[in-house]
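Across the two complexes that follow, subunit A remains constant while its partner is subunit B and subsequently subunit C.
Coming up: the complex of A and B.
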């Protein structure tokens, strides 16, 4: 049996270029709205930098979520982990520049541990990933809210440079987002781990029969995803100047990160997709926020529209798929 | 597969233990602990009052069960509960004469929501987790838009009676809450639909393997649409009961969709379809509600209750996965 030959043939006949289409459509919407409402400040270089800055928080966590969904899993604990990371960072730093490095290390170590636990529960105990990560998220949030009820500690000004500092016209944080995206793209397309990730997501049993240690791949994807959530927490602590136990849940980073990954064309069942689609999905959400601001739509109708757009954005290409989805 | 044949046949006791639904076992343990702490729970009256408060979650879980059995998720249930409670108080405006047509309108809204969910999944081929997530965002926005961001109006007394009325001096049981009668009727209907009708078989077949079901002549699309309608109608029912005793607030339905999914899973339903039982869903939601009650009785601070809920959830699913592998 040559399993690899089957995989090579199994490419779909026509693949829609989701990422460029989504990106171009969002950009057009943004420019047309800015022109129509006469708010030309949005069209300057500074306006576009502001637009990319809206992408950072959701973007970093969505890159991680891309990996778990690609491997056929999912992570609902990211929003809670983001809160934990933000609070832990500002609690350890307490405004002391000397504590930046220990705080960052502690946050990343804790995030990796959470990812490891998620991965072990899913891969070893065979618990459905939705339930496993929902449970871990509840555990994290419970422990966090029991220990902190408000902003904890603060972030020294040196660390605020992470969110507010720039190299030339480009903010550090935006640069970090694109460097991370590029690194993950390289990992997915150029390394053995990346190939194993796609194989495991495409067909876990098949991948195992082909000699891939699928448990390790799933655990690896979850550790990376949790690290990204931890980074997002660090970024939010830096932007808000302190961490609070509700920052992750208020941002709805769990459901929104899943939404942008799927909008970006990654298959919810795993095995197909990539980072550029996800970034295009994040870009769509960022432009929507900006467009709502420009047109001055109220908060509640905004929510209704946002829900409808999530569905339509996925429907645009999903409608052509044959067979049934659930 | 054939490995089990190589083993000697398991003893009758062992088979009996394996046959028990995990949800039922967890519920019995939790409820027993509650009753030790609070002996009134051992009496019929105490149990019926417990059932009355658990009724909305049980009804939600039964509705969600149909969607899960068909291979999907309905994340929009909680926001539909919120919309039902807020919309009910706005429409009825405290006037008892408005109650019955208000309930009719609420069920029509539910029907519309279920149809949209189902059609988006079957015709637009959007995965249900995304389709109902979009619906969740939209319904929350719509509920807040309608009420102007804060609850207005109030529910008339005969509307609230559905959730809180308790008949006194009933033979045998002593008391009988109206919501428990509604609950029993609803669960019986759900059990009949899923386990005794062709439609129920078709739902499970579609959830197990939609392609095979289609080849066998099952109307896959229509079945899928119907499960979302059932789920939405049960969310409206749960909302009407909740409005009766939880009062009107913008957060009344928050998180209920995940509790309903968790209840189904604790009761042994298989996510992504094919295996589900109403008994399990009822037992799962009773366990979850008993857990909340127990943590409340023990005086645990609210946040730690979440932590314990998370632990129990993982443990329940891990144990059922472990039993599946050994079976």
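Coming up: the complex of A and C.
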């Protein structure tokens, strides 16, 4: 046994850096299109700020979705929760600056509760996460549609600063997205909860046998994911100046958040992936939006292209992982 | 062994699953500094007993005492906190995480709330050295061989610094060299005062390290004896309840050897080189070698899973190239994977569906009327031929023991009347009685004119069953031995030492 001490152990090979490659590719596409169409305004500082601002709404939900997918679950209720959050925020605020804090707290509390319900149904009742969150999403949308059919209330101008305010050249909202991404990255790579999230997603039974309380990890991931959806709802209410019961659905935040997570290299089965890949996926989608705006092509080819990219990304990952036959 | 209070004592443990009695009034104890071996056939209740101890299951009856104090675990985390570390039979590692992450899973050291990576790396390196694993703590587990993964699993169990260590067939995936190293480690743990519960089928291991041996059968405790008082034959008799006179089948008759069914010249691919091989109808050829010697790769190359990229192949007198499993099957080759759960069976389908899988793969697109019933008769005939023991042929295959699952997979190939059967680790994780049945089945298949290539890490099986033995070393054939060779001769070739005299 002591003989092995002096035997050199090879350092493991590094994996392909998905996030930087995706990011660089998207950026190149953006610049080339702007140059080719002669729309140099897109290449100014203001143009790039606009590009990052396109990332905010989808980016925040997708950060949350990354957590549920990593833990081996999924959340289809985010789009409907976003609608509920946006409507609830503007309904409580009713244009009163004094009501900002209570409204934000109420939205976050409700979001956490929805995440808790999702997590409990999945971890304790062992309901398939697709079905569980689809059901919860439908319930949310049903309750919302029963109570509101149009814009409800409005947000005071002080709250609009969340979407429109800036420090220096940088919008608050963009800063928030990156701060959240950094915090979640830190949590995933540097905390015990993060390690347990990967472990539970990678092998739930194995994690349980290692002494991890996997139910808590799954519930935790869902609570965080729903909180992110709630934040997105607040952001959309701020940007639209009022909440409407269709904002989440119209943004297709449920499916698009899953798509960007997968494009970013997170395994749909869980246990592998991370935040920066997701952000790179969000950046790619924002770039596509901008590129289609520049070229003036209508929205349908954009959807087709997005679909093709999702399939292509998953295929590339699948082919690559086939090389790792141990 | 001291007369002091045992570290662990299980009293009258009983456990039932939906009416099936898995454990019935089992009592055993283990002292500090003692290796207590537990053996029994598959389904005897060993793993269930260990899961009760580990907090995975709660016993219906009986109690567990640690140092004389009764305990009741509701979750594996509580058993771990009480100092019980279990190396489970199924690998529970995370392939996408690093070795260090896996070793400290659930025990991650933190500093002011954040993971302490430095402590994890150093700790992992120390533990890996201790188990003799030459792997980097930062390597992803999926990049390791099965043997290395098993060693990481053991390092993970040692990270807990447990007073009670349970090993459930820890050497099943290891070759003899790694297994030997593991046994040394068990000796060290014993000297350091750990109480070790050791589950194994390998008689040589039991004799080498066990202080006491407990035999379970059908969920009941048959006997507990000191190891010195038992011979392997006695252990087997206790396990199966009868003598196993004909454990290995009678050898084949060299005069009855048929024509060459498969011949390879200069075969090679990324891991194999200079493979020259002739296999005749009616013989069982054993392939031995250490983990990583390429013996598994040889089987997969012949079956087209990871085909030869160089060389020539003659199948049944025709020059042919096997490029995929489908071409191999069409050419009359059958294959038994060493990873039964993943590559061998469709767990939730019936025995019939499993045994018909290959037949259907080559069936017409549109089945003629009445073929359903015909297929059913064919399936039942094959299942009867391999002597599967099951409640019924419509039963889901996952409910069967490993030995019976293996028979179903063998039966699958018989429908194609194969000329060559490639068996990878045919008895891995299979109990003693079922092993003997598989050996008999292999011999009767060979006697009816089939060639059998048996690739195995189990030396007694290689020597006891094969008509001749080919030993591999670093992707090449290191030499060939006639029937009756000794384990030492095989090991010499496998290790690449003294090849010339051993090959004589």
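The working rule: the second predicted complex is superposed on the first by the 304 of 326 C-alpha atoms of A that agree within 3 Å, B and C clash if a C-alpha of one lies under 4 Å from a C-alpha of the other, contacts with A are read in each partner's own complex, and residues count from 1 in each chain.
To be clear about the criterion, a residue touches a chain if its C-beta (ideal position, glycine included) is under 8 Å from a C-beta of that chain, and two chains touch if they have at least 3 such contacts.
Only a predicted model underlies this, so the values are computations on that prediction, with no experimental measurement involved.
In the superposition on chain A, contact is made by A:195 with subunit C only, not with subunit B. A simple residue count on subunit A separates subunit B from subunit C, and the partner touching more is B.
Once the two complexes are laid over each other on the shared chain, residue contacts for A:213 go to subunit C alone; subunit B is not touched.
When both complexes are overlaid on chain A, the residue A:142 reaches subunit B alone and has no touch with subunit C.
In the overlay built on the shared chain, the residue A:134 is in contact with subunit B alone; subunit C does not reach it. By the touch criterion defined above, A:205 lies against subunit C but remains apart from subunit B after alignment on the C-alpha atoms of chain A. Shared contact residues on subunit A (touching subunit B in one structure, subunit C in the other): 324-326. Contacts from subunit A toward subunit C in the complex involve residues 1-5, 7, 9-13, 186, 189-192, 194-196, 198-199, 202-203, 205-213, 267, 271-272, 324-326. Within the complex formed with subunit A, the residues of subunit C that make contact are 54, 56, 75-77, 79-81, 86, 88, 92-98, 101, 105-108, 110, 113-115, 117, 128-136, 138-140, 142-146, 149, 156, 181, 184-185, 188, 306.
Residues 70-72, 75, 120-131, 133-142, 144-145, 149, 206-207, 210-211, 214, 220, 224, 258, 261-262, 265, 271-273, 301-311, 313-314, 317-318, 321-322, 324-325 of subunit B are the ones that touch subunit A when the two sit in their complex. Put simply, subunit A touches subunit B in their complex at residues 121, 125-128, 130-132, 134-139, 141-146, 255, 258-259, 262, 268, 298-311, 314-315, 318-321, 323-326.
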